[in-house]
């Protein structure tokens, strides 16, 4: 796997509105992919805070990249369920979205996502997801 | 309350990227607000299916409108947690997003969201949320 | 289906510690089963409030009964994920646990549970679950 | 803090039915408490598998201990929401339940729980919780 292959999955498999998040693949390891969510006025609500909707969308999207990394290729899958906790606001900086595969079986995959401030490294959002592998 | 007041909350309180969902307030009652999520290629992934990221964003957004409706005005609040189940795909039609306030206390509010196909009325997505009232 | 068949599933398929909840099947319809969770000091914490752990266990258990009702027989299944919101305390009364099948496909089933006070009918707990059908 | 103080919170603050889980405090550090959930036929369903209801109850209970550890004393709190993913079955061994405080603010606390097999160390269950501090 390499960053370019993961990055190229974004225009191939995701809706244009999701691509508009501007996610950039930063790194990956055996279990996880980390993508950068840039700071952008389009994603901010009053006060310059990153909107929670963008955090959820980035988390779900990064997890699909982590599954591609895990399997070595894109496998058709669908999000079954996602739970997100918003620990604190993120303002004045972008985010680093790390998606990690916890377990991938024959028909289901489980993962967790952590979003941290790109500057201060503090965790602002945690999510857990279940995917059905088709 | 009236539809126009609820509709005008979208440009006032939400990020431009969330406004790009194109949500239109359709109706409201004592406990709930229903908004239409139009079918749009920007929100669709391969196969013409509405992307799950848009469902989550629409659900969270409609719930804020339901809280405005409940309180009779916008009250500062923040999403604490949201859980979403994706029951089946939505393709070839828009969605109707009904957000309902289950309970609003002094510091916390609970709600549930149901997204149905605008044409066939079948439920495709269910979400539950917790908000902190600031 | 009848109440006795559903009731008899409790000693057959559940751990003794779960049976100790004392759930009693009250009624069922096409999509749902309702069971009574009796008020009992064993399930109460300080102040006479029903403990949240018992609510979660009752919700998950009632949902398995709802799946038996849905399929007309017990089908091996496993809980994949469960999300529970605790709306308010329940004290001085038992609970009515209504579990409803939202959708049952080939490999996954989705359901929701509502727990209400047996005396005042007020909703105190809401849960959503995903099951894998084996 | 010491293990005995944490252990003594179980009979003091929890329902007898929850105490019947037999949780034993094993260790703690700045952010987390780990408790052992013994293997016991009372908690097992057919096939000797630990029932999911016991995993959820143990996770919620261990998290309260982690909050006591975090604050240095018991503070009244209530579970607002809990989400649990069941990654795989646990059979033939007890579990180690590690509850970790992610963030504790003025009115809300967030935590995550990991349950691993006591013998093989494999993660079988992950949960995230939100508590309201009263």
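By written order: A, B, C and D. Residues from 1 in each chain.
One rule holds for everything that comes next: contacts are C-beta pairs under 8 Å (C-beta built on N, C-alpha and C of every residue); 3 or more make two chains touch, one makes a residue touch a chain.
None of these values were measured; they are calculated from a predicted model.
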item: Third chains touching both chain D and chain C; value: A, B
item: Interface with more contacting C-beta pairs, comparing A-B to A-D; value: A-B
item: Centre-of-Cα separation between chain D and chain A, whole angstrom; value: 28
item: Whole-Å gap separating chain A and chain C, where each centre is the average of the chain's CA atoms; value: 34
item: Centre-of-Cα separation between chain B and chain A, whole angstrom; value: 21
item: Sequence positions of chain C contacting 2 or more other chains; value: 80-81, 83, 85, 130
item: Residues on chain B engaged by chain D in the complex (per definition of touch); value: 80-81, 83, 107-108, 130, 132
item: Partner chain C, residues of chain B touching it in the complex; value: 83, 85, 87-88, 102-103, 110, 112, 123, 126, 128, 130
item: In the complex with chain C, residue positions of chain D that touch it; value: 13-18, 20-21, 41-46, 51-54, 56-57, 60-61, 78-86, 89
